[in-house]
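Chain lettering (A, B, C, D, E, F, G and H) follows the sequence in which the chains are written, and residue indices restart at 1 in each chain.
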Amino acid sequence: MDESVQGVLLDYSRGARIGLPEAVFCEGKSAGRLLSLLERGLNKESPILFTRLSAEAFASAPENIRAAYDYHELSRTAFAERLPPKKIGSVSIVSAGSADAAVVWEAARTLEYLGIAANVYEDNGVAGLWRLTSKLEAIASAEAIIIAAGLDAALASVLGGLTGKPLFAVPTSTGYGMAKGGESALCSMLVSCAPGIGVMNIDNGYGAACAAARVINLLNHAIETDGK
Amino acid sequence: MDESVQGVLLDYSRGARIGLPEAVFCEGKSAGRLLSLLERGLNKESPILFTRLSAEAFASAPENIRAAYDYHELSRTAFAERLPPKKIGSVSIVSAGSADAAVVWEAARTLEYLGIAANVYEDNGVAGLWRLTSKLEAIASAEAIIIAAGLDAALASVLGGLTGKPLFAVPTSTGYGMAKGGESALCSMLVSCAPGIGVMNIDNGYGAACAAARVINLLNHAIETDGK
Amino acid sequence: MDESVQGVLLDYSRGARIGLPEAVFCEGKSAGRLLSLLERGLNKESPILFTRLSAEAFASAPENIRAAYDYHELSRTAFAERLPPKKIGSVSIVSAGSADAAVVWEAARTLEYLGIAANVYEDNGVAGLWRLTSKLEAIASAEAIIIAAGLDAALASVLGGLTGKPLFAVPTSTGYGMAKGGESALCSMLVSCAPGIGVMNIDNGYGAACAAARVINLLNHAIETDGK
Amino acid sequence: MDESVQGVLLDYSRGARIGLPEAVFCEGKSAGRLLSLLERGLNKESPILFTRLSAEAFASAPENIRAAYDYHELSRTAFAERLPPKKIGSVSIVSAGSADAAVVWEAARTLEYLGIAANVYEDNGVAGLWRLTSKLEAIASAEAIIIAAGLDAALASVLGGLTGKPLFAVPTSTGYGMAKGGESALCSMLVSCAPGIGVMNIDNGYGAACAAARVINLLNHAIETDGK
Amino acid sequence: MDESVQGVLLDYSRGARIGLPEAVFCEGKSAGRLLSLLERGLNKESPILFTRLSAEAFASAPENIRAAYDYHELSRTAFAERLPPKKIGSVSIVSAGSADAAVVWEAARTLEYLGIAANVYEDNGVAGLWRLTSKLEAIASAEAIIIAAGLDAALASVLGGLTGKPLFAVPTSTGYGMAKGGESALCSMLVSCAPGIGVMNIDNGYGAACAAARVINLLNHAIETDGK
Amino acid sequence: MDESVQGVLLDYSRGARIGLPEAVFCEGKSAGRLLSLLERGLNKESPILFTRLSAEAFASAPENIRAAYDYHELSRTAFAERLPPKKIGSVSIVSAGSADAAVVWEAARTLEYLGIAANVYEDNGVAGLWRLTSKLEAIASAEAIIIAAGLDAALASVLGGLTGKPLFAVPTSTGYGMAKGGESALCSMLVSCAPGIGVMNIDNGYGAACAAARVINLLNHAIETDGK
Amino acid sequence: MDESVQGVLLDYSRGARIGLPEAVFCEGKSAGRLLSLLERGLNKESPILFTRLSAEAFASAPENIRAAYDYHELSRTAFAERLPPKKIGSVSIVSAGSADAAVVWEAARTLEYLGIAANVYEDNGVAGLWRLTSKLEAIASAEAIIIAAGLDAALASVLGGLTGKPLFAVPTSTGYGMAKGGESALCSMLVSCAPGIGVMNIDNGYGAACAAARVINLLNHAIETDGK
Amino acid sequence: MDESVQGVLLDYSRGARIGLPEAVFCEGKSAGRLLSLLERGLNKESPILFTRLSAEAFASAPENIRAAYDYHELSRTAFAERLPPKKIGSVSIVSAGSADAAVVWEAARTLEYLGIAANVYEDNGVAGLWRLTSKLEAIASAEAIIIAAGLDAALASVLGGLTGKPLFAVPTSTGYGMAKGGESALCSMLVSCAPGIGVMNIDNGYGAACAAARVINLLNHAIETDGK
């Protein structure tokens, strides 16, 4: 039985089709396979965003490969080249606590890769409400907002009631016991009393960035078209 | 086989032992049994609080029994006599939405029965934050606070970060889908980022009132003792 | 104890604050309370959208009140007045099967209320893939897309891979057994292999419409601002 | 993209606002971040309680920092300075088995930090009922009682029926199989047949201590006020 | 397609094989099928115990059939003939609250049918511990003990630590919210700190009686054999 | 704060009270505490059974302590002295697969410690039905039967329909995926179509042995009493 | 907004594409919609199988429509015309108890509609093993076997170890408590110790029949091709 | 107590009985036991397939044993001898992503062992639909199809609607958060809108191969018989 047919069939056309180029989720992939993918990602015609790429896994690549990449440890992301910057639009990324940082920065780095401006606002848990309200105006001035929060995820509801901008909420796996690895935060966000929040899978900072990018891309397209 | 041994063995000594007299949970009890209990509850030596007593069930009792009771439909509670009023202490009962009303009033009525002053503040969901902040001072002036909220239950975290008073939170079964009959609100309250909130079973307004009463009773006892 | 303080504290300022006026979820509210709310909803300054308003509940209102409302049975929605139509932008609402109709139309009616154009495309389950592909161009021409699907919710992944427009997915409670009242569809959507889909609570057509409206409102605002 | 904005925004005003100063949950924080927080915690104006601080993590701090702290290994807590002792009130901390010790001592240490007297009574599982009854009088003489129990958590119900003092119950993650990491104990406590028990998240000894502190703080305030 | 092959294939030989004759669970069976089974149950060679037979369902049988049966409404059981009484052994059936009565009496009636003596002790919830301790000697004098309890099911652990007799515990579906239809009581019993309790399915009073009967039957067999 | 009050309060009187002497569950206990307990267990007046005692943990005890104990690695049990052998009665321990061996031998060793004869029959999964039927007569000749099975746990139902002896079933955590760590086996046993099976917590071989011991102890007591 | 676009888009080409013509799941469909579908189903070019069609719903159709259909109440199925009979192959449908009858007959009727021979064997629960073994030869002589069982679903494992024929198992929602509406049976089947059983959704007799039909259709195609 | 009776009772007759010879699941087995089983597997009369045999575990066997085996690391399978090739029939194994490779190759290797031809088609996730459609004809030309997919498992529904061949779907434990270790993929497959898909336990590539083998074996038997 020949295992060589078992390759990775990347969806290179995705960037052209939906504006979000192929990304590779690295967790659970072997060193050999990752190396092969890192080599492919250097091809300018088909850039790749690597997510969940641990420092250990990245370190196992040869020095020349590593040098070609922009690697960011906290967010565990890497890319060799980013898309051209969008003309308009920026995204605010707001978190409840510093434990949400890995998710926050996965979103920030994905947006950076997609050519979209982003600002990060950390540690705004609603038990200290003043931390959020003092930054509200800046946060709400963006064209889309990403909220990363674990535990009770109350930040999503409070912020959702204070701004009409498109909102994407990422539950994080922060906490213990009945935090249930983020499931409680997820449910809180889904049943939020604030209307119109789009919810992502637990810890999926990448997905939230893609959702925000769909909005920013639409906006750029509309402005361009409108200019005609 | 003789079924007559199957009686209800009320714990009449509970009032003396822990300051919270016997209560009867009426759901699922037959009309015959309820009538017999309503008759026993008229004995001044051993008052009974009836909870989850539906209007239909209460209506099936004879007129003279009904007349002897103070029945409250929204909270589904009844009692014939209440405990003497406590010297000091009051409880604020705060809810997120009007759908929590049955729970709110079950707590209010239980406190009334126990001789404890209570004030009700409804419809303070954090998606409209101004509704809470405008009443905060009044709410926080009480000696204990009960919070009833369903869905994301974000109210508990926001309020818990704004006051140092003893707090008891009751998740309510409001909502649909991932509200899971109140389980999501329960989890949000248990993992709240605000410290020191005691959580009750879903829809258990009675239990929250008893928890608050333990605090008010302690306070009254301390003041009395201190006065000596 | 005075129950009269127990009123409904509507968040009338929400429309101004976030562009989505107050909505009332009618399930579980008493006839008396619904009538009082239907009366308030006739005030032009503070319009209200009624959701989950059953035909039976609506029928219990007096004729003159009913006549003032636009009631839609399948979606169980009512409103007396809708917001002025937005200048640009439309929303495609796509469903997997005819069992998703109530959710589809709740979204459609909410958009109508918010002054946003919407087109409905039903019965596109991927087991008959041709049903979707034949309509793809029309669906993807809108500025935002709502997907309502139950069971395996595979439609969200297929469509998410075919368009770059903002996507909001509503799992529906269609099916039996391991469909688990929509929880399986919800999970499928959250872990979709297509990137950037914002997911709503089960059966929450209203929420999906609000999420789409946040995008359309942003777009209108951007175009207006850009025009200056 | 500048990561330096990603700091920890401590809620230093919490102590003044609600009487429970900021605490830092250490699990999952990097050594660098912990060290920086340990340095901040030496500032007398803004004391910090460290919880879930493992011996390994604490050992990685420099000797002079470690020397400034009172570290307690079993409870994994550290603080440099404690609040002034409260004038009145003490807390009993009662556990079902010796496996609950880490939770018991997290509560005890938190109370010590908050200036509140506490007594610990371990190993009172109700399968050997004499162990509890022989100590009941001492346990119930405190102003608030914390119960830590895993498995069936039957201790909460038995004790809740024997005393009228404020009770806060912490389910512990003791056991295997259907103990479900403490979820079964949590449910037992929430549905306890004893009225008025406030329940905390699994293993949350810190939270139970804060809940008890809310009661003791109230009592001290009341006595002070009353003395005027 | 011929449906007539669809009969009920009773396991008449079970009584001879394991000492527990065939029983029919009536819930969900059509009136026609129940009638046919009630007719078969009158055959002395193959007695049948009917469980979960509602008063309505029984009432739909013809008068002459009903007259031949001993029907018991609270337990929803019926049988025409019982097995000969066992020479030795009796079973104590102990419950936590009056809401467990249907389960208690299903067990009691099953034992009656199997020719085994049983005594019922209701309403011994451990929140009023004196109710149990005052009857302990009588309860523990039996050869096997059945415990029916819902909610926290703490009764099983307390009693299990006080007697060495074979114990079979039935969780009941009493309560609401996190009682989860008896699942919390089930888990409490399974992880009880008292050793050697055999647990049954929720509300399965019939099963508990069969488990106790296996013990009593063994005892009778041993005594008989020993006498030889 | 003095930690020395934190001792282990063993229930030494349990052996006299219920015939099952104290046992110590070793998982999660520190080396120091285990050593102290192993020393106490050498006191003949108060024997202790150690369960879940890993080879590593046992090896850390000094040689003279280890020499005084009968340690059994597969079952992870140790005891210094066993109870005197019972006059009559033996227990069959039957398993579905060789993966259940640790549970099987925990039960066997507990019975050995309690002075009760036991025979082990492994690898009788019903997918190869002949393995069970060929040993049925020997298995069923015992006075009590313990069944250890994971996965579908079908062995419990098949055996429960073939013998009238007291049966105690232990679900094991064998398997992966929807075996859910033994929860599926547990549910299968609880809803078994064979009547009167007492079910234990997942992997609780110790508990099953105690349940069987309650039956054997009763039998010995009955025979002795009968002889008088 | 025009609701008329909301039609049902039947996948008429499915029969040609995969050999299994369109089926309509009737639960939750309105009377009007069902009638319209029943009318379409009379078209010989595009036959429809109706499943979960209650007697009440069918009765609401006009007499002439009803007369054109073969309706079967127990299975809640209807069809006007069946596919031509297959040349070879038959299916055995085996159930554990008479409570599984609705599922059994839904499968039987679906096969009848598809032109495939089927034989039904009910009431073979393994607690009475002789009921299965006595019919084994007949059951195993078919080309595919469907097993419908609830509760512990042990029948699937026993039968799966006795025959090498393609096996499709349908868990049924029989039972109460930890039967969890069929989820326990589902898990038992998925983790069965017998290899190669394909499992269907709970109560999905229709799906099991389709799975068996895929096998029978393949066989007929192979034989035909082979004959050439 | 003699542990030597604790052997492994292999079901050697299974191959003859159902055409699928004994397989050994290696996870959790000790090195000693695995070695003994690897020795037995060299007996030509009773071949054994080893699954979940890690490279480490295999490496611990002596060189001469290892040399006698065909070991495959990715699939963690080993066998010494395979069954004679079947005359007709092949199986397509289709996966959604490269993370499913271990499951895919466990299925492929099991089929190889059973003498059945198999072709592997990896990386056909429906978010890039063209990857599947371009290979559809080849995939559907086989006599049975195995689908391995995690996350939303939408591939099963899309493929199930495009071919009438027997389909067996294996959910994989790919993903994080609400992928729930494969449970979401499992549910999606069970409630798939495509009819007649037989579902296996999570990650059970071995089981899917056995299910497909039951079909191929049937086909070979039918053709042989037909030829007579």
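By definition in this document, a contact is a pair of C-beta atoms (placed from the backbone, for glycine too) under 8 Å apart; a residue touches a chain by one contact, two chains touch by 3 or more.
The model shown is predicted, which means the values in this text are computed figures rather than measured ones.
Enquirer: Treat touching chains as neighbours and tell me the shortest step distance from chain C to chain F.
Expert: Each step joins two touching chains, and the minimum needed here is 2.
Enquirer: What's the overlap between the neighbours of chain C and those of chain H?
Expert: Chains touching both chain C and chain H: A, G.
Enquirer: Over half of the residue-numbered contact pairs in common: that is the test. Which of A-H, C-H or B-D passes it against B-E?
Expert: A-H
Enquirer: Look at all chain centres (mean of CA atoms) and spot the one farthest from the centre of chain E.
Expert: A
Enquirer: Could you state the distance in Å from the CA-based centre of chain A to that of chain D?
Expert: Measuring from centre to centre gives 36 Å for this pair.
Enquirer: Distance from the CA centroid of chain A to that of chain F, rounded to the nearest Å?
Expert: 51
Enquirer: Could you state the distance in Å from the CA-based centre of chain B to that of chain F?
Expert: The answer is 45 Å.
Enquirer: Identify all positions of chain F at which a residue touches two or more other chains, and write them in rising order.
Expert: Within chain F, the residues that touch at least two other chains are 11, 14, 125, 127-128, 161-162, 177-179, 183, 186, 190-191, 195, 201.
Enquirer: Could you run through all the chain pairs that touch each other?
Expert: A-B, A-C, A-D, A-H, B-C, B-D, B-E, C-G, C-H, D-E, D-F, E-F, E-G, F-G, F-H, G-H
Enquirer: In the complex, go through chain H and note every residue touching chain A.
Expert: Its residues touching chain A are 74, 98-99, 101, 104-105, 108-109, 112, 118, 120, 122-125, 127-128, 130-131, 174, 176-179.
Enquirer: Applying the document's contact rule, which stretches of chain B touch chain D when the two form their complex?
Expert: Residues in contact with chain D: 11, 14, 17-20, 23, 88, 143-144, 160-168, 186, 190-191, 195-201, 206-207, 209-215, 217-219, 222-223, 226-227.
Enquirer: Which chain F residues qualify as touching chain D in the complex?
Expert: Where chain F meets chain D, its residues are 1, 3, 5-9, 11, 13-14, 25, 27-29, 33, 173, 181-183, 186, 201-204.
Enquirer: Okay, in this complex, where on chain D does chain E touch?
Expert: My answer: residues 96-97, 125-129, 151-154, 156-158, 160-162, 175, 177-180, 183-184, 186-195.
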